[in-house]
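Chain nomenclature is as follows: A, B, C and D, assigned in order of appearance, with residue numbering initiated at 1 for each chain independently.
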Amino acid sequence: MAEAEGDPRDLVKLTHDKLSVDTVSDSVTCPSCGAISIFIGTTRNSFEGMKVVQLEYEAYIPMAESELRKIYADIRARWPTVRHICVHHRLGVVPVTEASVIIGISSPHRRDSLEAVQYCIDTLKGTVPIWKKEVYEADESCWKENKECQWT
Amino acid sequence: MAEAEGDPRDLVKLTHDKLSVDTVSDSVTCPSCGAISIFIGTTRNSFEGMKVVQLEYEAYIPMAESELRKIYADIRARWPTVRHICVHHRLGVVPVTEASVIIGISSPHRRDSLEAVQYCIDTLKGTVPIWKKEVYEADESCWKENKECQWT
Amino acid sequence: MTTEVSVFYFAKSAELTGLKSETIRVASELTTVELWQDLVSRHPRLSAVRDSVVLAVRQEYLALGDVRVSLRDGDEVAVIPPLSGG
Amino acid sequence: MTTEVSVFYFAKSAELTGLKSETIRVASELTTVELWQDLVSRHPRLSAVRDSVVLAVRQEYLALGDVRVSLRDGDEVAVIPPLSGG
């Protein structure tokens, strides 16, 4: 069955375009899977009482892609039934309520993709070289730090 | 902040139409939330070696809606920061690879919506009066039983 | 005392009765197992699923057994085979 | 022995240097803390983030410290402030 469907897909996209949940969902759909789990990170409108106008993301693109592929390898080792994995991360300006990251993972049974999606976002925040600057009202801004980042 | 954004939404739709991940995702998006977690249940192409041609779902619709709202109340008690909850379940014929159920939950921080989505699908399978018949090649068919169903 | 209720059949139980729903007159005070026996007397093939169903009365689950129910005119009763939604 | 490498600055470190990237000539055998000191000598304001950055050499993370690296022509070095993707 797996052979007839082709190889598992490891998909990565870093883009300045608006992200689409349907696109990520479609890219991990497969006939042998009963479950697709998706996580969407969106821009919040406030941080510690300050009104956030927008976020700006930048990435060390080739290293971000290689760190994501390390996460994919970890996921495949820990959840061998996981079929397709897709991460789309937006760069540049992301307005409030729009998605900065969408992760989609498919598996025959739901437990695996649900656990893998949680592992993927937790690990992404700790290891993938991407940075977010929050821009507040009154032109202030602040580079953020993920608590998952190990060295600070 | 919460008041300015209106009340939390408890959304339920049982429909014969094809489901849309974007629609569910949009319906739970909110400016104060940084996380949307989504689970999609899709039709698999085989069961114990038999080729599945399609699934057919039927529901005790008013009771399914009231059981879903009981689950929503449980979620809000266990994860008070959860903001919007949406379940779309398809009825009638669902072809292979199409979604039978999509669950979307938003929360300010990701842990809550990730856990709540897992609780929602686990509990839905055990308590919401919906039934699935698998139709195999050669016109055979079988009513399925969720292992989460408590009385069998 | 009897009362008129709507009975809904789903999944396997609908196949066995050949019905999606019907309106019947039953005793207004009875146990769930007596209610089930009333349904089986109308549809003997239902006995095949005795061990795998529960009932719903006014859209609340009730196990088959010595569980008392009071039925009123227009109440909904449903035969609930093992669930398989999701 | 010296070698020519590309250095990339991100987030706060790019703001402090005023640069996204530059090509520099450095010793080909050195420790990560020596490499950092070389960068600080070119961009003194970088010292403000000494305790919150790591380096990446050939796209692999390396802590600042007594960690030996061998650089070859064309290698990529990056200053990596605390991550905040996702």
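By definition in this document, a residue touches a chain if its C-beta (ideal position, glycine included) is under 8 Å from a C-beta of that chain, and two chains touch if they have at least 3 such contacts.
To keep track of the chains, here are their UniProt names: A, B = Molybdopterin synthase catalytic subunit; C, D = Molybdopterin synthase sulfur carrier subunit.
Predicted, not measured: the structure shown is a model, and the values here were computed from it.
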| item | value |
| --- | --- |
| Farthest-lying chain, centroid of Cα atoms versus that of chain A | C |
| Separation of chain A from chain C, taking each centre as the mean of its C-alpha atoms, in whole Å | 48 |
| Approximate Å spacing (C-alpha centroids) for the pair chain A, chain D | 26 |
| Chain C and chain D, separation of their C-alpha mean positions in angstrom | 74 |
| Where chain A touches two or more other chains at once, by residue number | 41, 121 |
| Which pairs of chains touch, using the document's own definition | A-B, A-D, B-C |
| Of all residues in chain B, those that touch chain C in their complex | 41, 57-60, 62-64, 66, 89, 100-101, 121, 124-133, 143-146, 148-149, 151-152 |
| Contacting residues of chain B [partner chain A, same complex] | 1, 20-22, 25, 29-46, 96-97, 108, 110, 114, 117-118, 121 |
| Parts of chain C lying in touch with chain B, wherever the complex brings them together | 8, 10-12, 51-54, 56, 59, 63, 78, 80-86 |
